[in-house]
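Heads up, the next two complexes both have chain A, just with different partners, chain B and then chain C.
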Partner chain A sequence: MTSKKMLPVRIVLYVCGGCLLLIGLLAALNIYSRMPLTGALQTWALKLEGAGSWWRAAVMLAGLTMIAVGLNDVDSKNTGGNALNSKLVRRPIKRMFPLFLLPTFAAFCIGFLYPFVKGLFLSFTKFKITRDWEWSGLANYKSIFSDAGFTHAFWYTAAFTLVSLIVINVFAFAVAYALTRGMRGSNVFRTVFFMPNLIGGIVLGYIWSTIFEGILIHYDTSLVLESKFGFWGLIILMAWQQIGYMMIIYIAGIQAVPEDIIEAAKIDGASAWKTLWHVTIPNVMPSITICTFLTLTNSFKLFDQNIALTGGRPFDGDIHTTEMLALNIYRALYETKTSRGPGQAKAVVFFILVATISIIQLSATRKKEVQQ
Partner chain B sequence: MNSSLLKRQRRSKALLTVSFSILSVVYLLPIAIVLINSFKSNASINTNTFALPNEQSWMGLQNYIKGMTFGNYPFWKSVLFSLLITVVSTFLILLCTSMAAWYVARVGTLFSKIVYYLCVFSMIVPFQMVMFTLARTSDSLKLNTPWTIPIVYLGFGAGLAVFMFSGFVKSIPLEIEEAAAIDGCGPIRTFFLVVLPLLKPTLISVGVLEIMWVWNDYLLPYLVLDRTKYMTIPIHIQYLKGSYGSVDLGATMALILLSIIPIIIFYLTCQKYIIKGVAAGAVKG
Partner chain C sequence: MKKLVAILLVLSLVFAFAACTGKQGNEETDPAGTATPAADGGKVYYLNFKPEADQAWQDLAKTYTELTGVEVKVVTAASGEYDNTLTAEMDKDAAPTMFQIGNQGAVETWGEYALDLTGSDFANELTTNDFNLYDDEGRLVSVGYCYEAFGIIVNKALLEEAGHTLDEIKDFDTLKAVADDIHARAEELGFDAFTSAGLDGSSSWRFSGHLINMPLYYEFRDDGVKEQPAEIKGTYMDNYKAIWDLYITDAATTGAALATATGDQAEAEFGEGKAVFYQNGTWEYANLTAADKFAMDPANLTMIPIYCGVEGEDKAGLCCGTENCWAVNANAKQEDIDATLAFLKWVVTSDEGTTMMAEQFGPCPFKSAKTPENVFFAAANDYTAAGNYVVTWAFNWEPAVDDYRAAIVDAMTKYTAGQGDWDAVVAAAVDGWATLYAKDHAA
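Moving on, here comes the complex of A and B:
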C-alpha cells in the first residue's frame, strides 16, 4: 500500500512541526530569556515565554501532531499481522486518527513525555524553581556519589530488595504448592492471603507501625529508635502484602504443569521432593521469572510503605538510616534548601538502575525457562 | 494404591487444612487488631495494643464520631474525592487507551509503532523520574483538581494499558472487523459494537489494575492536587499520622478501618475478576 501524502507534503509537515515543537520547547525551558535576541524577535519570544502554560503546551502539541500526521503516512515495514493488507479495516480506522489516538497521545505527552524530557534536562542544571535554572553540566551527577545519604540509601535498598525477594518468593511458592495439593478450603485460604494486597501502602504502614510499637513498647524501645527494627519491620510488612499476589501467579503456573509428566515421574519412582525439584520447578520457571521481576522492582521502587512505617528514622546525622532510594530522592527534591538539581540527577540514576534491572533480570531468567 | 497409603494421604491433607486455617487467622490478625483498637481509648492502644477492650478502655463509637472531623478536614470529603478520582480515571483510561490500542494494533504506520514503543518504554520508568516536573506541569496546566487529575493518570498510566490492550487486539481475528466493515459499519461503530465487547476480559483486567493503583496511590495526588482544598484517603491518613496521629490513636484507627472496609467489600464482590486481573497484569515487563 502506498502512502497517501506525497513526500514533499510530509517533509513540509516534519519541518513545520519540528519548528513549532522547538519554539514551544525553548519557551517551556525558558531558554529565550538567555539568548541574545533583539528587536521584535525578542519581544515575541519573551511574550511566548511569559504566556500561560496552556499556550506553550498547545504550540508543542500542535508541532507534535504535525510530525505525527506525517509519520502516520509512512508504513512500518515489519508490522506483524495481516492488518496491513486489509484496506477494508485499515483505511477507515486511519482516518479516525484524531479521535482514536490523539487524545491518549496528548495526555501521554503531558503526563509522561514532557515531564521526562524536562526532568532529564533539569538534572544537568542548578535550579530551585524550574524557570530559574543555571546550566551546571555533570556537577549534579558528581555530587550525588559523594552524598553519604544517597549511597547509604542505595545499599539499604539493595539489601532490602535481596532479602524481600528471597522471603516473598520462597513463602509464596510454598503456599502456592500447598494450596494446589487439593486440600479442603484452599479457595478460602487463597482469598485470605491475597487480601492485604489491596490495601494501600500508607494504610499498611500505619497498621504495622501500630502493631510493632505495641510489641516494642514492652521492651522499652520503639520502631523509630533502632534501624534493625525498621528493616525487619518493612520486610514483614512487604511479605504480608506481597505473598498473596505472588502466590496467585505461582498457583496459575503450577496448575499449568501437565498432569501426565508428574504421573510419569511418579511411575518412574521419583519421590515427592524430587518431583518438585526436577519436574515442577523447571516447568513453573516462567512464573518464577515474573515473580522475581515483580518483587525486585516493587521492592526497589518502594516508597509509600517506607514513608509510612519509619519515614527514614532513626536519623544518624545526615543519614536517615532506614531510608530507601525513592524516599531519598523525594527529600532531595522537595526538602532541599539549595538546588533541586542533585535530586533530579538522583532520579535519573534511579531510573537507569530500575530500567537496567528490568532488562538484565528478564533476559537472564528467560534462558532458564523450559522450552515448551 | 493400597488403602493405608490413601489413609495417610487423607490425613496429611487434613493436617494441611488445619495448619492453613491457623495461618489464615494469623494473617488476618493485623486487621482484627485495627478493629479492636478502634473501640479503645488512646492510653490502652499505646500500652495494651493486643488486649481486647475492657470496661475502662471501651470507647464505643466515640472514636468514629471524633474521626469524622478530626484533623481540620472532614473524612467524608477525602472518601468522596478518592471515589471520584478513581472512577473517572479508570473510565477515562479504559476508554481512551482501548481506542488507542486498537488503532495502534490495526494501523501499522511508523507513528503507531513509535507510540507503542514509547508506551513500553514508559512502563520501566519509575515515578520518581518524572515526579517533580510532572507535578509542576500539571500545576501550571491547572490539572490539580480532582476533576482534572484523571488526565494526568491517563497520561502516566497509558503505557501498561495500551500494552495490554494491543496484545489482546492482535489475537482478535481480523475477519470479524472485515465482516462488520462489509456490513457497513464505520470505524466508530465497529469499535464500540464489535471490538469493545470482545475486549471485555481485558477491560476487566485493566480496570481492576487501574482501580487498585489509583485508589491506593499516595504520591501522585499528594504532589499534584492542591492539598489545602483536596485530599484523598491515603493523603488524609498520612497527614493524620504526621500531625495528629500520635495525639489521637483511637480516632486514627477508626479512620483506617473505615478506609479498609470499601476495599474489602470491593474485593469480596469482585474477587474472581480481581485475581484474574492481577494474574493478567503480571505478564507486564
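Moving on, here comes the complex of A and C:
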C-alpha cells in the first residue's frame, strides 16, 4: 500500500479520532451540562457526562488510538534493517501494533495526559471540587503574581536549586573520581554512598529533622526558629541523599573514558590536574548533562523533604520562609475555599518554569559534549 | 501520578465490590424489628472523621446491614487529612452520602453540598440545637452528634501529695499560686505542676485551637458576637499570655525544647504521674484509664476550667462544644439520601447505635442517648449544675483553620524559645484572622 492510497483513510481516522476525543473530553470536564443544547443531543450529552468515568475514558482512548493509527502509517515505511523488512514480521506488527501499544498508552493517558489537560483547564476556573467549576478566565493567573508567598517561594527555590546543584555535583564527581583510582574497598564505599538514596523523602525528612533538632537543642534553638537552619538543613539532606546516586552515574562516565587518551596525555607530560580538566571532564560531559538535569529538576520539584523537614517554618507574616514552590502550591489548594483555582494556576506556571529551565539546561550542556 | 493510579485502582476495586455485594440483602427480614425499613436500593457511604472510632463504626455498619440489608460503607480519613480526603471523595461519582462539617470554615466550604436537615426524622430526635451548624440562610447543614469538654485535667492524688486541695483553686491567681509552689518543690516531690506544653504538630492544637478559645470566647461574649466575625480585637490576649507563661514556666520542659515536644510526651508525663495538671479534653479519658495504657484510677481524675485571669472567672465551667457534626450530601441520589437519613435515625435511637455512641463519643444530645461513665463529663455537668457558665467553643469560627493555627504556633514557638516577642503572637491571632477571613470571603 502506498501512502497516497492511504491518505483518505488517514483523514477519516484523524477526524473521527478527534471527534471522539473531543466528545469524551467535554464530558470529562463537565462542559455539557453548561451548554445550550436541546432535544436528543442534550439527552445524549448529559447521559455521557453522567455515565461514569469508565465510559468517558473509553471514548477518549478510542479517539486517541484512531489518531495514533493514522499517524503510524507514515512512519512504518521508514523501518530499516533486513529482518524487520521481512513481510512476515512487518505485517503482523503493523496490523496489531495498537494492541501492543495500548497498556502503556492507556497508562500514559490516565496518569499524565488527562490530569494535565484537566489541570490546565481548571486553572482558568473557580472550583472547590473538580467537577463543579465556574469559568473565570485569567483571574487566577493575575492573583498569583501579587501573592508574596508565591514570589518568595520562587526565589527561595531558585536559590536552593543553584546551591544544591553545585554542591551535589561537585561532591558526587569528587567522590566518583576518588573511587575510580583503584583504592582498596572502593566497592564498599560505593555501596555505602549509594544507600541513602534508597530511603524515601518523607522518612528522610523526619530522620534529619530529629538529627538537626538534637544538635540545635544544645544551642537552645530549633530548626523551626531560623530560616537559615531550614535552608542549609535541606541542602545537607539533599546532598546526603543525592550524592551517591549521581556518583554512580559519574563513575560509569569516568570508567568509559578510553585508557589510550589518558595514557597519551601522560606521555605528553600532562599533570594530573590537567588530565582531569582537559581529558576526563570533556569525556564525561554526557554524565554531567544527565546529572545536572537530574539535580536541577529534582531540586526544583522538591516536596517531600521540604514538608517533612520544616513544613515552611518559620513564618514571616504571610510568608513561609522555607517553603519551596511545590509546597506553596500544595498549601494553596487547601488554604481557603477560594484558593484552589489560583493553586491550580500556580501549578501550571510551575510546570512551564520547570520545563523551560530544564530544556535550556539540556541544550546548553549538550553542546559541550564531545564525540568519542 | 502514582496517587491517581492508586485512586483508580481503589475505585475499580470498590466498583467490583459494589457489583459483587449489591445483589444480596434487601429480601432479608428485620429480625429484631428495631430498624427502620430502608428505601429501595439506597446505599450509605459515611466518610468518618475520627480514626479512633473507625472500628466501632465498621462494626455498627455491619450490624445495620445484617438487620436491614442496606449497604453501609464507612471510610475513615487519616488523622489530620479529613479535608483533603473529603475533597477527593466528593469529586467521585460515588461521593459520600454523609460526611463531617465540623466548624464555620467547613460550612463556608461544604455548606452548599449539604442537605437542609431541618425537620428531618433524625434531627427531631435532638434534645438541643446548641451544637448544630447553620449556614448564612439559616439552613441546618450539620447536626452536632456529641459534645466534648476540655479544661485542665488534674491528678487529685498528686495534688494532695503536694499538700494542696482542689478547693484552693478558684481562679487564675490561686491556680498560679498552687502551680508555682509545686514547681518550686518539683525536685523534692518528684513531679512538676504542668505537663510539657509541646508545640510539635501532635500537641500544638491544644493551644492554637483550644487554649486560644479563652480570649476568643470572652471577647465574643463581651461584644455579643453571634456569628463568625470578619475581624477580632484581641481584647483578652494578655490573659492568653498569662496562662501560656504559666504553662511554659511551671513545667519540667521549658524554652526551645518545647518547639519539638510532642503530644505523646505530655500525655505520658501525666499518665506516669510526673505532672499534676494537663490541658486536654474528655477524649483523653479512655487513654488515661485504659489498663493497657496508663491505667489511672478514675477516682483520682477530674477536670477544672482553664483560668486565665478574666474577671468573674470563678463562675466559669468547662469549655463545651463539638467539632463532631454530621452533614448529608444534598447531591446524592434521592434513594441514597433516604437510606442515609434512615441509618442516622437508627444510630441515634436503636440500642446498638446508642451504646456505641455513648462508648465512643460520650454524651450525645439525642432523646434516647445513653449515659457514659467518663468522669470528665461528670465534672462538666457538676459545674453547670452549680450554676457556672459554660465556655462555648468560640474557636470553631477560626478562619482557614490550618493556616491560622500554623501562624499562631509559629509565633508562639519563637516567643517560647525567647527569640520573638509576644506582639507577633497577637499579630498572628488578630491580623491573621482578618487576612484569612478576607481571603476566605474573596469573590
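As a working rule, the second predicted complex is superposed on the first by the 327 of 372 C-alpha atoms of A that agree within 3 Å, B and C clash if a C-alpha of one lies under 4 Å from a C-alpha of the other, contacts with A are read in each partner's own complex, and residues count from 1 in each chain.
The working rule: contacts are C-beta pairs under 8 Å (C-beta built on N, C-alpha and C of every residue); 3 or more make two chains touch, one makes a residue touch a chain.
Nothing here was measured: the structure is a model prediction, and the numbers come from that model.
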**Asked** Which partner does A:W55 contact after superposing on A: first (chain B), second (chain C), both, neither?
**Response** neither
**Request:** Would you check which partner chain A:K337 touches, where first means chain B only, second means chain C only, and both and neither mean what they say?
**Result:** second
**Message:** Quick one: is A:L225 in contact with chain B, with chain C, with both, or with neither? Answer first, second, both or neither.
**Reply:** second
**Prompt:** Does chain B (first) or chain C (second) touch A:Y141, or do both, or does neither?
**Reply:** neither
**Request:** For A:M183, select first, second, both or neither according to whether it touches chain B, chain C, the two together, or no partner.
**Result:** first
**Request:** Give one of first, second, both or neither to describe whether A:E213 is in contact with chain B, with chain C, with both, or with none.
**Result:** both
**Prompt:** Between chain B (first) and chain C (second), which, if any, makes contact with A:P314: first, second, both or neither?
**Reply:** second
**Asked** After lining up the shared chain so the two structures overlap, which partner does A:Y14 touch, if you call chain B first and chain C second: first, second, both or neither?
**Response** neither
**Asked** First (chain B), second (chain C), both or neither: which does A:G111 touch?
**Response** both
**Request:** May I ask you to name which of chain B and chain C touches more residues of chain A?
**Result:** B
**Fill in**
In chain A, both chain B and chain C touch residues 52-53, 107, 110-112, 115, 130, 213, 217, 334
**Prompt:** Which residues, counting only chain A, touch chain B once they are in their complex?
**Reply:** 52-54, 57, 68, 71-76, 79-84, 86, 88-90, 92-97, 99-101, 103-105, 107-116, 118-119, 122, 130, 178-179, 181-186, 188-203, 206-208, 210-211, 213-215, 217, 240, 245, 248-249, 252, 290-291, 293-294, 297, 301, 303-304, 307-308, 325-326, 329-330, 333-334, 340, 343-344, 347-348, 350-351, 354-355, 358-359, 362
**Request:** Spell out the part of chain A that touches chain C in their complex, as residue ranges.
**Result:** 52-53, 107, 110-112, 115, 128-131, 213, 216-217, 220-222, 224-226, 313-315, 317-318, 331, 334-339
**Complete:** As the complex stands, chain C meets chain A at residues 1, 4-5, 8, 11, 83-84, 87, 90-91, 93, 105, 108-109, 255-257, 259-260, 399-400, 402-403, 406-407, 410-411, 413-414, 417-419, 427-428, 435-436, 439-442
**Residue ranges of chain B touching chain A (in the complex, touch as defined)** = 13-14, 16-17, 20-21, 23-24, 27-28, 30-31, 33-34, 37, 45-50, 96-97, 99-100, 102-115, 118-119, 122, 124-134, 136-138, 140-141, 143, 151-159, 162, 170, 174, 177-178, 181-182, 186-188, 190-191, 212, 215-219, 233-234, 237-238, 241, 245, 249, 252-253, 256, 259-260, 263-264, 266-268, 271, 274-275, 278-279, 282-283, 285
